[in-house]
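What follows are several structures.
One chain, subunit A, links the two complexes that follow: it is found with subunit B in the first and with subunit C in the second.
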Partner chain A sequence: MTTTIVLQQAINGVVFGSLYVLVALGLTLIYGVLVQINFAHADFVTLGAFAAYFFMHLLGAGYFLSIGVAFLVGAALGWLINASIFTPLRLKGNELLPLIATIGVSVMMQNLMLTWFGPIPYAFETEYSSQVIRFAGIFVSWQNIIIIAVSSVTIALLYAFMKFTFLGKALRAVSQDRETAGLMGINPNYLIMLTFVIASALAGMAGAMLAPVLVLTPFAGTSVIVKAFAIVIIGGFGNVEGTILAGLIVGLIESYTTQFLDPGLIDIVVFALLLVMLVIKPTGLIAERREENV
Partner chain B sequence: MTVTFRGLIARVAAVGFLAASQATYAQEKTIKIGALFPMSGPGSYFGAQDKQGVELALEQLNKTGVNGYKFVVQYEDSSCAPLPATQAAKRLIEQFKPDVIIGEECSDATLAVMPIVEQSKVPLLNAGSSSIKVTEPGNPWTFRIMPNEVMQGVNLAENAYKRMNARNAVLLFENTNAGIGNAQVFKENFTRLGGKVLAEIGFGRDVNDFTAIATRIAGLGKIDVIPTYTLEGQGLKITQALAQAGITKGGGGDAIQIGTIWLPFGFEQKAGKAALGYIRIVQFDPTDARDVVKDFITTFKTKYNADPTHLNAHAYDQIMLIADVVKRGGKDPQSIRDGLAATKNYSGVTGSVEFDKTNQNTKMDTVHYMETKPDMSWTSLKWN
Partner chain C sequence: MSDSAISQRVGNDKMLRSRWVGYLLAALCIIALPLIFNDTYWRTNLTICAINVLLALGLDFILGYTGQLNLGHSAFYGLGAYVSTLLIVKLGIPFWAAFVAGVAFAGLAGMFLSLFAVRLRGHYLAIASLGFAVIIYQILLNWISLTQGPLGIYGISPPPGIVVGGTVIADFRNLTAFFYLVSGFTLLVYLLLDQLVRSPVGETLTAIREDEVSAASLGINGAVWKVFAFGLGAAVAGAAGCFYASFVGTLVPDAFYVSEAFTILAMVIVGGMGTLIGPVFGAILLTLLPEILRGIGDLRLVVYGAALTFVVLFMPGGLVQAARMIHEKLRPGGRRP
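What follows is the complex of A and B.
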């Protein structure tokens, strides 16, 4: 086994790991603040992918602009669905209702997209998809370099936002104790909305990044969401740093399982890791107390 | 409750209209066709294109009817998977009570449905599943007009070895009955001829990262052919990843991707330059000079303003073959089954149909080879 192949698979793993992190971060943010699992998250990813596709292919816009549009579409949709469905259900005081509603939203969105966009796979090619850099036996497409770069910048900005800005600190306060944060003058409903908007925007953006790599159909997001859930659990529910680390580990596991074992074993290896984590370290890779998450 | 005179008249009229329409329906003899197509999930492109072919055939047949029969179709989403397919088949049989069923596309789904149709004694006409198990051992109620994986695989292996001078191969296949079966048939026949299989790489339908698979293949050295068995979506990504890794012709390498009846026309345009040199079997050759093919292409273009794919063609053929059986006296499940079994040299759009004792179509003129050209169009290789 040559060093070149090991290095090449490391690059492949980081590319997919970055994409998984982008998808999983939205899930972990929502869980961290609301203690709610959003089953519709995959469909926000898919809609972001289609938004970028149509913006690029119908209006002739550049890929970077399309990523921005997907980000905005995700944010707008997150606001709309939270305001019209999740918030009214949450106000009824039953935590189960919004959770069930996310399943309903997911099924509804998938079928709406199936009606609008049809079942035939779209080929989302960008000007960077076929441009490949080859160096010392290593190859990497510009598309993959963009994925790593945009993901890294986004993750860094999100991290800085959560750690150093007033709103980020307020979000963490709400995640620790919603009632007490409210007594301190923080409006929890506003921050819950902000969480949904950020998470959905990230999902939309992830869709735009994933679409040229994945098969773009109304079910595109579903193919990554199971892994994203696994990453969130491995990393520690609601833990941003843990999610980033777990995402990269899962990406690398996929690459090296493909190389040294068999791609058919990827899910077995990833979910075996998940089970091991649940048994020996149920708090996730980076153990923090619940109140310190997000 | 008060009922106005106008309301009473309206109700009486409605009841009368309902009774009249039921009487008309009862008088009109119909052949009820259940259609098990994947309408959701990764195989839903099959269902969308199958439906187009079916609708075109129905439009043509129901203008005049056949032997006094009109044709009605009930679609059910069988999702290219065993569980939803069995549920859909049971729904069809219990509620719609079809005279004949067409579908599924995916072998796993078809295999799951076969015991149900056998038990219910409703014939199943399949045009898209290649697994040998569909007809061997099969059952008396299941018929297949598509060449099975052995017919395709033997032919593909021989052409790879003899015409393309391939001496080694890497097999890429989805982990399904059809994917594994197709790959194994190719392997057995290619190695029997003297070829060598360097790697067999199977993957689930949820695998996204084909760059990792391409990297592994790139490490195997010079490769002649890469037989690939997967649905269109993953097929696109595999083709692009192999080109990016510099393995296939489309990426400046030597290897040629080859395949059987899995991908629709239009794949080349979506895959772009990466598909250069891809040689694959298609079930329908639009350059076929027979009148039945020319007429199909013309009427399809008129109705849908698009060129037909092999999926459109084989769905159209399924309905037209049923109509042919009805013309020969088929009127209920048993007589349609017997009529299908007695079919001799039926000429359809995809090729000829004549079933052997296992209900497998024996005609090889349904196997057409095409090669992707540099401008992403394709050329018919006329190898059969």
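What follows is the complex of A and C.
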């Protein structure tokens, strides 16, 4: 009996964990190339979710197509925030100003969505939500299988892109040393733009997959982003492997806390872990050597 | 003593005098305001303004003077409010003792958080402080046996009146008296912070903000000063929390949600961080603006967000920078080299 519960919660943990990884990877990619945080990343998740919802429920499109739409909406938002906030502020050279500006964007977006869509949660039902398969006493909905499959494939593709393609290598070069990469004929501005587009597209598609398993409100992204921030720090800022590992750990912590302790304790447990990590190992689970300019 | 030293000294005296004139004017304004705005609605707004000014001053001291991006100011505000109220309600401790305890608790919490994050660069502190605010909010919400969670604590009484020789001098059930209490305290905090940032301590803090490594080479222990500044700013937020609880009479965790921290941040940025006068006007503007634009309803926070973004993009010095630019334009002979 208990084994079943443990297994059932493990699956739930992996479902949420893989979505957190998608959101956190975007943050970590941006931090890698720019050493900046986009606070409005959360609202890209929410807007992606709403885009998928309306595309599906108003136009009657299929779920997979809706995920694609959320991906595109996220990509467009990523391009926009880079062009409007990060590019102009890069010249000013203050490391905290862009973060503060995107907090403003986030507050704006959330409250605009609140006036447009209202505070009442939307029921985002897909054709896969009610189809459940039973295996050794464990229930898994097709929705959950799709979430795990789509995010695994996406993460694998991203990983392959970073490791094996020229652009991916260039991207890693820029995150290691922007000036030297520039001297090697890599255009950092283009790559920064590309990073924002990819990162935000991941956030948008994560939104389209989160909304059916979570409640869809204008604040849906916020509850995810606080965990994504914790994941990014636990995994080590700018570290892809660490982020994947930390994301799955946080997903599992969440589902086991819900099962064995109290759902109200989730954020407390996750952030207590974050504070402990900051004390013991601020470089994250998988440490990466980083030169610091003085 | 050389001529230039004398003239500098005279200049300092002049500046000192004009500063005290400024304090006097501020005190006169505080006395006059509730007499001009004599209805309950505006007097309530005035007190809320004074509480927000206090919050903005505390955050500005942390962010503007030591460059630590604290995204969890709402936590210290909430801690001050809940600690003082629970001491009064559960243990029957007198108001002012509970006030001191609330302020001290918030200050110690700030120092504790800063100790965690002091080794880390700006972004780590931003996220750790945000996480801290989330934790405090969840504790207030979920520790129902202590805080009554979302149901809230009701019927919190205002501070006891001041009675001298049988006559009541100040009765804080009266809105005007309460406003005088909070704004008088705020003016006192401003005065103390103003003296502090002009003292060698202020120069030390600025040196750390501008370049911690160079400051260390001059023998300045950056970590100690950052923890001190964080604790002091958090303690000021705690004081604001104590006043808020006894003013509103009701405490619910939602008043100290993370978005409150962003609101305070907007006040500091719009006013002009790194100056003390800026956040005062930022707080007043952003508290009153939504009241003046009554019709906008839910768009109130959209205004906050837009103000935050556009000020950072186009006028990072906030209202203070705007005032300086206007001053330069109006001065006869135009811009001086």
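Quick note on the criterion: the second predicted complex is superposed on the first by the 284 of 294 C-alpha atoms of A that agree within 3 Å, B and C clash if a C-alpha of one lies under 4 Å from a C-alpha of the other, contacts with A are read in each partner's own complex, and residues count from 1 in each chain.
Just so we're on the same page, a residue touches a chain if its C-beta (ideal position, glycine included) is under 8 Å from a C-beta of that chain, and two chains touch if they have at least 3 such contacts.
Model, not experiment: these values are computed from the prediction.
Engineer: For the three-chain model obtained by superposing on subunit A, do subunit B and subunit C clash or fit?
Structural biologist: clash
Engineer: After superposition on the shared chain, which partner residues are touched by A:262: those of subunit B (first), subunit C (second), both, or neither?
Structural biologist: It touches subunit B and subunit C both.
Engineer: Examine A:100 and indicate which partner it touches, taking first as subunit B and second as subunit C; both and neither are also allowed.
Structural biologist: The second partner, subunit C, only.
Engineer: Could you say whether A:37 touches subunit B, subunit C, both of them, or neither, answering first, second, both or neither?
Structural biologist: In the superposition, A:37 touches subunit C alone.
Engineer: With both complexes superposed on chain A, which partner does A:85 reach: first (subunit B), second (subunit C), both or neither?
Structural biologist: It touches subunit C, and subunit B stays clear.
Engineer: According to the stated criteria, A:254 is in contact with first (subunit B), second (subunit C), both, or neither; which is it?
Structural biologist: It touches subunit B, and subunit C stays clear.
Engineer: According to the stated criteria, A:226 is in contact with first (subunit B), second (subunit C), both, or neither; which is it?
Structural biologist: A:226 contacts both subunit B and subunit C.
Engineer: Tell me the contact category for A:114 with respect to subunit B and subunit C: first, second, both or neither.
Structural biologist: A:114: touches subunit B and subunit C.
Engineer: I'd like to know which partner A:62 touches here: subunit B for first, subunit C for second, both or neither.
Structural biologist: Neither subunit B nor subunit C is touched by A:62.
Engineer: Just to be sure I follow: which residues of subunit A are touched by subunit B in one complex and then by subunit C in the other one?
Structural biologist: Of subunit A, residues 110, 114, 226, 262, 264, 267 contact subunit B in one complex and subunit C in the other.
Engineer: Which bits of subunit C are touching subunit A when the two form their complex?
Structural biologist: Where subunit C meets subunit A, its residues are 67, 69, 71, 116-117, 119-124, 126-128, 130-132, 134-135, 138-139, 141-142, 213, 259, 262, 265-266, 269, 298-302, 304-310, 312-313, 316.
Engineer: Which of the residues in subunit A end up touching subunit B in this complex?
Structural biologist: So the residues of subunit A touching subunit B come out as 1-2, 5, 8-9, 12-13, 15-16, 110, 114, 118-123, 125, 129-130, 132, 134, 139, 141, 144, 213-215, 217, 219, 223-224, 226, 254-255, 258-259, 262-264, 266-267.
Engineer: Spell out the part of subunit B that touches subunit A in their complex, as residue ranges.
Structural biologist: By the definition above, subunit B touches subunit A via 39-42, 44-45, 47-49, 175, 201-204, 206-209, 211-213, 215-216, 218-219, 232-234, 236-237, 240, 243-246, 251, 269-274.
Engineer: Under the definition above, what is the set of subunit A residues touching subunit C in their complex?
Structural biologist: Touch residues, subunit A against subunit C: 31, 35, 37, 85, 88-89, 92, 94-97, 99-112, 114-115, 226, 229-230, 232-233, 237, 262, 264-265, 267-268, 271-272, 274-275, 278-279, 282, 294.
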